[in-house]
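So, here come the structures, one by one.
Both complexes below contain chain A, partnered by chain B and then by chain C.
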Partner chain A sequence: MTNKNRFTTLFSRFGSGTDQTDTIMKPEKKPPLGTMFWVSVGWVCLNIFLAITANLLPLKDPIAQDYNAISVGPSMHYLLGTDDIGRDILSRIIFGSRISIAVSFGAMFIAFGIGAPAAMLAALRRGRFDTILTTVMYSLLAFPAIIATISVLSFWVPRNLLKVIVVIGIASTPLVYRVIRTASLAVAGRDFVTAAKVQGATDRRILIKEILPNIMPILLSFLLIGIASVVALEGALAFLGLSITPPTPSWGNMINESRTVMSTNPGLVIFPSLALCLFILSLNFIGDRLRNYFDVAEVKI
Partner chain B sequence: MTNELLEVKNLCTTFATAGGDLRAVDNVSFTLGADETLGIVGESGSGKTVLARTIMGLQARRNATVAGSVKINGAEVIGTSEQQKREIWGTEVAMIFQDPMTSLNPVMRIGHQVDETLRIRMGMSKDEAKKRAIELLGLVGIPSPEERYDVFPSELSGGMRQRVVIATALACSPKLVLADEPTTGLDVTIQAQILNLLDELKEKLKMSVVLITHDLGVVATRTSRIIVMYAGRIVEIGSTQDIFKEHRMPYTRALLESAPKVSNPSHTRLVTIAGRPPNLLALENGCAFAPRCTYATEKCHNERPVLEATGNDGHMFACWNPLTTRRGEV
Partner chain C sequence: MGQYLVKRLVTLVGILFVVSIGSFYLIHLLPGDPAVFILGLNYNPVTKAALDLQLGLNHPIYLQYFTWIGHVLHGDLGTSFISHQTVISTIGRALPVEFELIIMSQILAFGAAIPLAMRSARKPDSALDRMLSASSFILLSVPTFILIVLLVLFVSIKLGIPNTGPSTYVPFSQNPFTNIMSLLLPSITIAIGSFVLYFRVLRSDLTGILQEEFITMARSKGISQRRIMWRHAFRPASVSLLGSAGVNIGGLLASGFIIQVLLGIPGLGFNLIQGINSSDYLLVQGIVLVVSAGVILINFMFDLIIFFVDPRIARD
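Showing the complex of A and B:
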């Protein structure tokens, strides 16, 4: 960007808030999102693509044991090597990503499905409905989510994917509620919501057309950060043996199993950790970048 | 009296605050006929906005209680459910808000903000609504409305945005429009444009307008009647002519005198009204303006004046020591 360009952008941004000339302004160009953003998007998409198509890919069976190749390092045959009972690490990582992705997306679907509409409605209606709901949600929030999920999952056996999703989803709902309610409150108090109301719009319409689009940036970035935290949480639960039952691989239980052979077979702990780490990092980065991106637009409005 | 479009009777809005009950609108009664423009003037905090919101049936705050009656085209507003109010909102009565920067949804294309109402209230199809929305945008003076239909509010200037706000409010041809300081956020040349536009549309669409402002210059040429409010009460009401030329209430005179005049030589000190607007939580028994009034007597501090009719039709004032008119009437 040239100096002159920067100046005019700065100037017009300054002016648009208080601009009083009766003219039509040209739309401004937003700053680009940057290469790292697109690399992160690519990485997350690749992970999701591999997880979905894992069955169709020329991968080895993630639970088949090859007794002729126990704890071998990376080779042409086993690209990332094998674990201590001869299973292909690459295949296990890819199949393991299915659990992480399914749990994180599923749990966030539940948390946002319950938390977001409730929060928006509470922010719009206020009054007793808001008071009661917010008190309940904040009380739940006072209880650490990780302790809650650990205790529920250790009693609710046999564990399966659906139970893990439901427990994490419900445990994350209060957090989603708090963030979305705060964002919605700021929007619901603005004149255009009242204006829509006195034009005869119903609450439902106001939620969908007025409030939801205005909290979308916050909702989206929080959703991505939420997914990242659930991937980490599932990893932690799996590490404690409270997620999917082995031998089904997940990133968390792979790290857990590799603990004992860490010194002899470092690839077994490094590769799943790297997969987990990069996936979370990418999601956080996308969420963060998007938030900044939309914040700029917010200033202009 | 049933032929009046707007009938406000003994309207009171009280806020329950930590410091006690605050009466923002105190026993306000007036009527407004069809095709009439009524100005409501007063200082900041005199209850103009709360009055407008109460007339709309919007509860300003959760701690507000409303007493009295507001009838719009014969239909009672006070005490009805939100669903019943939705029946008249948009089609009978519409409101234009103060700040065009915040009264448009920043992430919705302006065309959609206009045709949204047409679709939900008038049951128009998507294409019909779009056509009508473009017509409306043209009507409020937006150049090349077909192209502007798809822009976002942030791409428009304040004056243009206020035009869009007006188009939205008028979409369902309401019979009554409440304009709450519609030009406060705009500069003077645009103010005149917007006010002239409102005037023009009022004639064209045969509606009544309540114009709320703190600027007497705004209401001088555009209204047929004016209400002067002070501390939540009506202190003087009358035809524009009476208010400007034959006002009886000292507050009205003070307001008129505090407007700068072009004919004054430069560097003339601006006339101000001494003192500050009263604390509504600690009102005296008497006239609320008494502490600032140069004509105040013992009686003014102890007894509240009631609205009293003058000889002129519909001209009423609340004052124990009214000013004499040019004709020397008392």
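Showing the complex of A and C:
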């Protein structure tokens, strides 16, 4: 009980409680997910939709400068106003979201693509394979990922979107591995997995048909929170000029560029910050609600 | 007990070894000649020869590692080819700033989190509890770099409080008051992040513990509420709090650079980014090593504290 939370970071709340699932009956009726949950889902979907269709929407060019409208406030023509060189803030925010979304989804695709199958297989096979892989992954986990990320990105020039995605993705893999392995271990020890083994099912079949569906809730909510963390991380990298370079807008570099003029044009820093925070908040909220919704042990309490 | 400590120490040394390889290998992860990375493209052949000799770049890679780790163990992280100062002296100047920032922020975070979590846990679902839980969830989603930008915008620019804005840092020995003022906003920003974490961990643990039978027992014996909270409930709850504090404080060492760069506070992170911007590879390597080792040592230290608070840990 006391040991359970020793590694309580933002992530490690996953994996707790799953070891009790087989002893506790599922409640008949689950509490509803709530309005805020669907509002958050809607907000995330809207962001993704806008990011994908940004080119088709009637938006102003995010890098076109209008010298007749320097640092103007919100108006009918410029819904959120313009920045210090006359670029439309709303359009820059929407085009900027593309970077955040591409980096976070791409990086998590890599991290889960490598980390999750490896972790599930390690949990199923155990033995030497598991020991070696887990030792390697846990050692990598000891290395501060953020420091590794920024030092690799800083020396690996010229930077582009793909490099940012790959570096963040690989740096996040050990964490994904740890979470998924903990979750899979609890499932791999259960009777239906043994039954499948006895019937001669292949590892592949057990992983896909038995283990994956059972760790899906944890995987899904961790994925969402992982995406949220990468959005924040990319923002921080862009803020330091280690992500996509201007003039291509991203939320992080917009906030960074606006620092010098924030006393005269506070909207310039507030709007992209708000976009970033609301996106992260929605993802965190969805992840948290899903975890509560599926986490049977917590429902009982 | 002794066995536990020995086991932990062996693991510690093992992890430090892995991290040292990681820091060393960093430059070899990238395509190209390491010497060119360190010196920049317009290098002088004479300096390159000197560097090859200093780093032993002509030798096989494992020999390079042993040469390097030998120097590191003697406190020699090399001399920067950019600033011509020893890396260790630069790090030595940055460490006190780093520690001051961490200590100030942690005093604020614990000072707020412990009493508030106690109040929240005593009356779950009260108005205060709901408000704190909701606001801590929202704050969890605000990245540090946004928090600090907004704080600077409102406190130093709108309210015009002196010495709190960017580049106001002066060393403590020069002017203690200005020094504290200039570290105030960064400390508050870091403290908010830590507070959210500590509050959530402590609140959920305390709520659970307060439902245990020994608490009911203590209540029935007429022990005062204050004594129950501090003596009976806080000690078991502090184990997970200490665990998350260890991870968190280690993380601060690694992620402190954003605030430091923004406000011009010459801590480790600030020097790291400066090293990156000036392509000072040896400085970056040195700081990566010191920070990674620091993170691990801090985690280890907290594990030891936990062990003394709750010796049952050693059993598994």
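Criterion: the second predicted complex is superposed on the first by the 268 of 301 C-alpha atoms of A that agree within 3 Å, B and C clash if a C-alpha of one lies under 4 Å from a C-alpha of the other, contacts with A are read in each partner's own complex, and residues count from 1 in each chain.
Throughout what follows, a residue touches a chain if its C-beta (ideal position, glycine included) is under 8 Å from a C-beta of that chain, and two chains touch if they have at least 3 such contacts.
Just so it is clear, the structure is predicted and the values come from calculations on it, not from any experiment.
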Which of chain B and chain C A:Phe95 touches, first, second, both or neither: neither
When both partners are placed on the shared chain, which of chain B and chain C touches more of chain A: C
Touching partner for A:Phe271 - first (chain B), second (chain C), both, neither: neither
Touched partner set for A:Ser154, first chain B, second chain C, both or neither: second
First, second, both or neither for A:Phe37, with chain B first and chain C second: neither
Chain B versus chain C as contact partner of A:Leu281, first or second or both or neither: second
First (chain B), second (chain C), both or neither touched by A:Ala228: second
Partner chain in contact with A:Ala195 - chain B first, chain C second, else both or neither: first
Residues of chain C touching chain A in the complex: 14-15, 18-19, 22, 26-27, 29-30, 37, 137-138, 140-146, 149-150, 152-153, 157, 197, 201, 205, 236, 239-240, 243-244, 247-248, 250-251, 253-255, 257-258, 261-262, 272-273, 276, 279, 281, 284, 288, 291-292, 295-296, 306, 310, 312-313, 316
Touching residues on chain A, where the partner in the complex is chain C: 2-10, 139-140, 142-144, 146-148, 150-152, 154-156, 228, 232, 235-236, 239-240, 242, 252, 255, 259, 262-263, 266, 269-270, 273, 276-277, 280-281, 284-285, 288
Touch list for chain B against partner chain A, complex: 56, 58, 62, 86-87, 89-91, 93-95, 97-99, 101-108, 116-117, 120-121, 143, 148, 151-160, 165, 168-169, 171-172, 186-187, 189-190, 193
Residues of chain A defined as touching chain B within the complex: 16-27, 126-127, 190-192, 194-202, 205, 209-210, 213-214, 216, 300-301
